[in-house]
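Heads up, the next two complexes both have chain A, just with different partners, chain B and then chain C.
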Partner chain A sequence: MTGGALAFCLIMVTGLVALIMANGLGFFWPGDIYRFTLKDGREIAGQLVEREQIPGSDTNVPGGLFRIKVKQANRDLYGTDFVWIDESAITKKDKPADAILIHRREWGDFIGVIVEVTDAGKSVAKGPQEGLKFLKSLLPQADATLAAIYAIEKGDIGQINYRQDALRLEIKKLEIKGEGARFKKAGIEAQIAELGKQYAIQSARIDELKKKQTANVKLTAAGGVEKELPLQTVVRVISPNTEGVIGKTLIYMERLWEFLSGDPREANTEGGVFPAIFGTVMLVLIMSVIVTPFGVVAAFYLREYAKQGTLVSIVRIAVNNLAGVPSIVFGVFGVGFFIYFVGGGLDRMFFPERLPAPTFGTGGILWASLTLALLTLPVVIVSTEEGLAQIPKGLREASLALGATKFETTWRVALPAALPSIMTGLILAMARAAGEVAPLMITGVVKLAPALPLDGYWPFVHLERKFMHLGFHIYDVGFQSPNVDAARPMVYTTTLLLLLIVVFLTLGAIMTRNRLRKKFAGSAV
Partner chain B sequence: MSSNKPNMTPENASPQYIPGSAGGENEKKPGVRISSGNRADNSTPGSKILGEPIMEVRGLNLSYSGKQALKNINIAFLKNRITALIGPSGCGKSTLLRCLNRMNDLVDGVEITGETLFGGRNIYQPFIHVSELRKTVGMVFQKSNPFPKSIFENVAYGPRIHGVKNQSDLGGLVERSLKAAALWEEVRDRLHDSALGLSGGQQQRLCIARALAVEPEVLLMDEPCSALDPIATAKIEDLMGDLKDKYTIIIVTHNMQQAARVSDFTGFMLMGELVEFGVTTKLFQNPDDKRTIDYITGRFG
Partner chain C sequence: MYFIRKPAIVLAVAVALAAANTAGAQTVAVDAKIPAYKPAQGVSGNISSVGSDSLNNLMTLWSEGFQKAYPNVKVQIEGKGSSTAPPALISGTAQLGPMSRAMKSSEIDDFEKKYGYKPTVIKTAVDALAVFVNKDNPVKSMSLAQVDAAFSKGRLRKGADDIKTWDQLGLTGEWAGKPVSLYGRNSASGTYGFFKEHALNKGDYKDTVKEQPGSAAVVQGVTVDRYSMGYSGIGYTTPGVRAVPLSEKTGGKVFEATPENSYSGEYPLSRFLYVYINKAPGKPLDPIVKEFIKLVLSKNGQEVVVKDGYYPLPASVTAEELKKLD
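Here is the complex of A and B:
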């Protein structure tokens, strides 16, 4: 009976994971490109996505009852990425060797056949084979140019903007202070002007680099439409029909790496999720750093110091019930208390020069972490208390009988003995926190954050910044993006990633706990 | 507790009170009459002044949440002697013992009246530092309770708490304490192994070493051998004989042979009362009270 229940649970969980894996892991695999010729003479080329029975059709008729979904790409030409084709309408199906798939920085994928590659208006390579070879050889150079432009934009120009902003705030500060600052102000304005000149220099560098981007590739899409793509819009060229398994595996790895380490493109439906991974992990870590001391101190107080009575019982019941409060309620509390009250207060006190633009008075990773910490506090308290209750009375008495004070006993005997339980509480808290989305949506998660909460600008950790989160990313990509069909595999992949991250964080904590247990039970200095 | 007690320092006490000799020549210092506790002192033929008490209990009553566990206890514990407390289960031996280092303070709803003197001072006075008292009056529990740390750390725990930081000082102290507890030879090669890997008897001796490491003056032992086999018990009994030179030992035991073997004085308790207290040989061979006779002849409890 219980065995059955256990088996059922296991089957459910493995089934869920298998479903997510099946849907998510295939996303990066470059599928073959088929060309379908239809009865009405149309030609459609694309990757096979799925095959299903036409709803309401008679199953007894052999053939012609199925339809297929094809990713034809070329959204800018056809309007949609996907088409359904009745199998009965297909007269011919083949895999043209010269069909290629191009990942673009905008408008999604492109499927077509290369006509020629041009550079500065002159044709440098003609035909599919020549063109592909040439294109591939040009790509690294184009990527390098793009990277250089990006580096200037983010690095040098970013630095200039940052310093200009800081100086403007300085001026505002002086203005708030009032008189006697005019002299200083002039100096700062001169600095700003100087930075403006530097800005001009850097933009000139960018223009210079952009002049190098002269190569184009001309392709024909299925149906005979021609399209010319500037080389800098091309991320990757794949020729799936001629690529072997090893080649495809390499492409798979490359895309997986892009997914893990890159920034998102195209309203998050393509590219990577690195900022979201970063945000998720950082959020959970900050949450852990906050919740552990508070939870542990609260538990120690409740169990060791407070006089056990009705009041403590009520507090304990309240804490336990806190765990059952819907997470969005915590979110609302976070907004009302942390953001408006604490954050707003901080802004008025320390950042008056930036007002009315809020600094801490708006959602940010700190407030989101604090909200999650509040949410997971009961878990830590309860398991710490359980740990404390399990410590044999003899141990405490031994310490007290040696002349240790109550605090020394708590610190040197009870705390080490309770550490494994504290870790258990933390593990549960982390698992819960990593999966929460609702409270985050109102306390600082965004679809696309301009910068990570950790970077090279002083003070390096920017706890007031908004951040990205995998859970929210899933929601956003899966249900808020303009192109839900194209984004669906991404949803599964991201879900899988979120699961993996939760597992990794938890495993890390479990390993720490086991080490502590061993230390607690075994030799220690 | 301060170490300069008026008349209780070992230096001035030891030469005057040679074991076994009567302290009659010492008139100024308060001696104690060893007698059957609840009766008038002079009604007991065996009563005589035998030495200087290091701890003394006068008119002690204790109740746990209103339930009386000790009734008007009067007893004195002589310096550098072993005093045994015997009596049937639940008669209050542990309770009395735990009054002597204020371990009963930890129990909710406990109420204590009467005086418990250490070096002539009532240890229940508000200005007494309980942790200082417990450092001077050490305790070994019935169930050995080593910390889940290494052997070394177990012994070093107390000294560390009391401010010994120097590693070599600690090392010397640990070695001396382990030697005093007759454990050194067995554990010298594995000082940094977990204490929980020791046998029961070794663990108990480790607890004794741990208690000795803070250099107490009195050692309270609550049935220290009850979980041990005869060989381990013998070891600990031998140990007590050695420790007697430096420490005052008060031991609770269920084992009357043990009490007879190791102790100089024995108190017999029954239902919260101290029925009879006197020199061990006298109490076992020629007790005054009918109840004592019943108990030691096994007709009772």
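Here is the complex of A and C:
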């Protein structure tokens, strides 16, 4: 019976993971491009996505008729990325060797055949083969230019921006104080103007770099439409029909790396998820740092110091019940107490110059972490208490008999002995926190955060900032993106990533626990 | 003029639309008379937007474009439903309030109480709210009364009996007797409110409508569930679903959800997508907000509208909206 239940659970879990992996892992693999010629003379080129039986068709034809879903890309030309084709309408199907797939920075993928590559209006390479070779040789240079522009935008201009913001706040502060404001204000305004000039210099540098972007590639898409793409909009060029397995694997790795380390593009439906990974991990770590001391201290009090009686029992029942409260309730509490009450109070006291724009009085990574800490507090308390209950009475009594005070006994004897249990509680807490989305949605997660909560500007850790989260990313891309068909594989891949991160964080904690156990086993007797 | 009770989008402008018909889908072109965006000097700072989730993607795409023009500007976007925009504008936490429906008079009153003037509304795009069915569904067209009879408990349009199965919509064969499974949006969304007001005549939804957290979820539900019907913005169309042509009156002329029919107001469920801003009359607008709206109403901004699947504004409307900024 019990074995059967366990087996059933395991089958369900592996099934789920397998489903996610099957749907998510194939996302980066460049599939072959087929060209279909239809009965009505139309031509459609694209990658095969799925094949299904037309419902009800098996009544007339034995075995039934099938239709296929093809990713034809070229959203700007055709209106949609995907199209269903009845197999009975196809007269010819082949794999043209010169069909290429281009990943673009905007409008999704492009599938077509190269006509020519031009630079500054002059044709430099004609035809599919030569064009592809030339295009591939030009790309690194174009990428370097883009990287240089990005560096100026994020580095130099970011710096100017940061200082301008600080100065503007300084002015507002002076205005609120109102003393000798005019004299100082003029000085600060001069500084802002000076920074404005520096910005002009930097943006001129960007313009200079943009002048280098002169190369274009002209392609024909299926159906004979011509399209010219500027080279800087091209992320990579793939020729899936001629590429071997090794080449495709390299592309796969490259895209995987882009996914893990890149910034999101096109309203999060393309590009990478690095800010979301960062936000998730940072959230869980801050939550752990907050929840452990609180949970442990509470458990020690309940078990070691408090007089066991009705009151403690009631508290204990309350703590256990807290574990069963729906997470969204914690979220609402977080909004009401942390954000509006504590955060709003902090704003009025310390950041009056920024009002009405709130600093701490709006969702942020600190409030989200605190909410999650509350949510996972019962787990830590309960498991710490369990650990304390398991310590043999003799151990404590021996310590007391040797003349140690109660505090020394708790600190030197009980705490180390309970450490593995505390870690177990923390592991469970982390696993729960990493998967939680509902309370985060109202306490600080956003679709696209302009900056990471950790950066190079003082005070380096910006706990008031909003952040991105993998769980929310899954929700957002899966339920809200207009081009769901194109975004769905991304949902699976992100889910897989979230699972991996949870496993990774938990493994880290388990390893720490094992080390502690060994240490304890050596010193206990 | 600030809010229209019934946004029948009647535009007396012939709009040049290149509707190339390939593979059954349409590509919409931006009105050639709309000028491209020219970045201004001296724009810097932060801007924050709180509001509609239907407009969430559009806002994100616009802000991507805005940051390209002004690398020194930070844009923050939150989209949790149209109802979240007015409080954020009133408290000053957001400068932009995207909404997929017009503000209610109570919301405008709250704003006016705080500031002494009304919020300024900017039309940013045209959306046709579509009734989607599965791609295999042969239903030819529906009248709004039928839509009401399918989705609403109250049936305030009084046009038809309660529609529960597909044969009541004239389908035969395997479809006859199959119950209509309904998909809709959650109550915080402007799409929910608009559909309730304009398709159901403010009647209540049936309890069997499966409320989804996003428009894409509605479309996915209809894709998978063969005997279903759902509503959401036309921008979410995928090849797995089909938008049913609608008629205002039972037996009246049927119109497809196309840009032309939406502009002319003949498609019964077309609407504008708005961005609300806080502009004191007679005072210049914060340059960063002004430039953002200018970008939205430019050729670049309207191309983004097309990219996101909605319909762009005609030049006459963008010109009128731009006047509101001065």
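Following the convention adopted for this analysis, the second predicted complex is superposed on the first by the 517 of 525 C-alpha atoms of A that agree within 3 Å, B and C clash if a C-alpha of one lies under 4 Å from a C-alpha of the other, contacts with A are read in each partner's own complex, and residues count from 1 in each chain.
Definition applied: a residue touches a chain if its C-beta (ideal position, glycine included) is under 8 Å from a C-beta of that chain, and two chains touch if they have at least 3 such contacts.
Given the structure is predicted, the values throughout are model-derived calculations rather than measurements.
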Chain B versus chain C as contact partner of A:Ala398, first or second or both or neither: first
Chain touching more of chain A, residue-wise (chain B, chain C): C
Partner chain(s) touched by A:Gly223 [first = chain B, second = chain C, both, neither]: second
Partner chain(s) touched by A:Pro482 [first = chain B, second = chain C, both, neither]: second
Partner chain in contact with A:Leu77 - chain B first, chain C second, else both or neither: second
Which of chain B and chain C A:Arg412 touches, first, second, both or neither: first
Chain B versus chain C as contact partner of A:Val461, first or second or both or neither: neither
Residues of chain A that lie at the interface with chain B and also at the interface with chain C: none
Sites on chain A touched by chain B in the complex: 308, 392, 394-395, 397-405, 408, 412-413, 416-417, 520-525
In the complex with chain A, residue positions of chain C that touch it: 20, 22-28, 42, 44-46, 48, 53, 56-57, 60-61, 63-64, 71-72, 74-80, 91-93, 135-136, 173-174, 212-217, 219-220, 226, 235-240, 307-309
Chain C partner contacts - residues on chain A that touch it in the complex: 42, 44, 54-56, 69, 72, 75-80, 82-84, 106-107, 152-153, 157-158, 160-161, 164-165, 168, 196, 199, 203, 206, 223, 265-268, 355-358, 362, 441-442, 446-451, 466, 475-476, 478-485, 487
Chain B residues touching chain A - in the complex, by the definition given at the top: 101, 103, 106, 108, 131-136, 138-139, 141, 143, 145-150, 152-153, 157-158, 161-162, 192-194, 196, 207, 210-211, 214
